[in-house]
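Shared between the two complexes below is chain A, which pairs with chain B and chain C, respectively.
After this line comes the complex of A and B, so read on.
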């Protein structure tokens, strides 16, 4: 493996489907070298074939990894007509989080789910799935939790955790594109994060959210 | 609020009232004009507020009722049965704090004839509209006129306009809030609902907005240990048409409260000096007593949301 190929494999590993977001969002044809990088990454680090149960019951890290890999394989297969020899099974979806969820699971173990705070943080870690054309159990969970996501993004922004705010806002933008009514102005939220945040990952998420919202028209 | 949580709220209130009562002499005025000591007299009025709500809401036992009555008697005596408020309002016609402070005593039946002649006059002059207050403060004046019975005729408060002028009335982006604005929000709710007595006084869109975002604000100011503001936010939850309470918030407050009843305002060390302790943490302890008493009152008349054991309904759709 050359050093540039190693970098590409690493980038695909970190970004998941977002490595291909420019092609998804602009409709440009996938470049052969990009396709090769994704294939190399998936062959070097193949998706697990038996993902764990969804947290809080199952282990969080491998479950997140399995979903990120699923998103990458789903987007790559759509962009590249050549057959893919890598399969990524559909992991178990996250639990729903409706409007009556508490902030956190109650200390006395009462029913009511694990709470919108940890739920929205975990959804944020799956932000690379919030791309046009992807849909599945995670997206269905997002539809159940528009208020939980809006609260999570607002909480992150008030904590000046712009990276988390941007990731959760991706889901709100995806829901807006899906026609779901939202309890806040997600365009203003996205602009706020883009203007006040600043690191590259945050700006990438904000840029994708803008595209989902139709705030930037593709130039090609 | 579940029965178990009502027990927690009851304990918080009982201990807070005991602490305020034990240390009440530390809040005594040094006599004479209150204009030179507005902070001291406002603290007495806030003590009167807490005590008047304990008596108003009818959830107190005989011990707590006696403590509340004695706190009111003490504070009212410090204000020379209202004479100090009267003299201040006479000399400073725009000092609406006198009307606001008087209302807490009037609520519990303490009246001053001179004030009851002067206040309607100032109401007619536009006390609730023309003084250059921040918007939520105008609601404080309006509520004081309502409580004292001087909210009709010329100069009657324009509730709708005043409510809409506040930060909350604009239902802005929920992240456009800071610590001070948090207090503006809580006080907007307190005055519109008369401290939880009439939750319907909150316009529907403002109530829906609070149901969505109050949990977020409670979370971030809990994380930063701003217990004074957190106490006020819990009180806001009890003022909503469908009260909002999460069990852990109340348990946390109970754990934070000192054995003698002091409620710390934040996570900084509490001073050992009795006088410093009193002045630093009196407001937060008053807030705790009020939050608990309104929570108890609402527990008697409405199911809570955010308390799964109560079979909570969902919030309205966005």
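After this line comes the complex of A and C, so read on.
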């Protein structure tokens, strides 16, 4: 195996379900070589079978990887006609973040949960799960935290952190596609991020958000 | 970059490095423009003393 192929195998894992987003969003059949790349990536580092508890109680990075792996396996198993022998358990969902959540967690941590700033940032790190057909505890948390996500996306945009803004906006677009009422114009937000954010990953998130919102129609 | 190890039976990925790439933290420094001039600039402008003027040349005594 060449070094570039090894990097590609790692890139599939970093992208997670987004590696297969073109097939999810266009409905095209998964190519055999794409399926083989995902299988090879998962065999190079199998998903964690006992995911840690959700942060802030558990370790954040292994928990994030467990969720990103879950999304990749769930999408691949749905698209691939051949049976899958790789299992990715459903990790613990993130804590809820309702409209009364403060900006940050209080000193004693007893009231208000974690705060909408760290909560929305962590949801942004799980943006690859914001795809049609995926649903689980993270998506349920997104449904209950629409205002926190809107606050997080706005905060990131004002900081000119377009990559973070695009990731959180993915969730807002997913919620809009799910029929959830939002406190802001997510189409306008997506267009602004796509125009001003120059990073490739940012543009990928913005492009997927546009698809979720129906702003781009798949070409046949 | 990812660290990979070639083995006879295939490829392995380093879990910790992969998790670091997946984490994608927010940008550490805000690039947002300030709505007003920074207060420190204003304070410095107010408190800074005026530049001392050049002393005038002493006048020559008049000759009678």
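Keep in mind that, in the parts below, the second predicted complex is superposed on the first by the 215 of 220 C-alpha atoms of A that agree within 3 Å, B and C clash if a C-alpha of one lies under 4 Å from a C-alpha of the other, contacts with A are read in each partner's own complex, and residues count from 1 in each chain.
Following the convention adopted for this analysis, contacts are C-beta pairs under 8 Å (C-beta built on N, C-alpha and C of every residue); 3 or more make two chains touch, one makes a residue touch a chain.
The structure displayed is predicted, hence computed values, not measured ones.
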item	value
Partner chain(s) touched by A:103 [first = chain B, second = chain C, both, neither]	first
First, second, both or neither for A:184, with chain B first and chain C second	first
Chain B versus chain C as contact partner of A:211, first or second or both or neither	neither
Which superposed partner A:147 touches (first chain B, second chain C, both, neither)	first
Partner chain in contact with A:158 - chain B first, chain C second, else both or neither	both
Partner chain(s) touched by A:39 [first = chain B, second = chain C, both, neither]	neither
Which superposed partner A:170 touches (first chain B, second chain C, both, neither)	neither
Set of chain A residues, in rising order, touched by both chain B and chain C	158-159
Interfacial residue positions of chain A with respect to chain C in the complex	1, 3, 6-7, 9-10, 13-14, 16, 40-41, 43-45, 60-62, 64-65, 68, 121, 124-125, 156, 158-161, 163-164, 167
Interface residues, chain A side, partner chain B - complex	98-100, 102-104, 106-108, 110-112, 116-117, 146-147, 150-151, 154-155, 157-159, 181-185, 188-189, 192
Residue ranges of chain B touching chain A (in the complex, touch as defined)	173-175, 177, 212-213, 215-220, 223, 246-248, 251, 305-306, 308-309, 312-315, 317-318
In the complex with chain A, residue positions of chain C that touch it	1-2, 4, 6, 10-13, 15-16, 18-27, 30-32
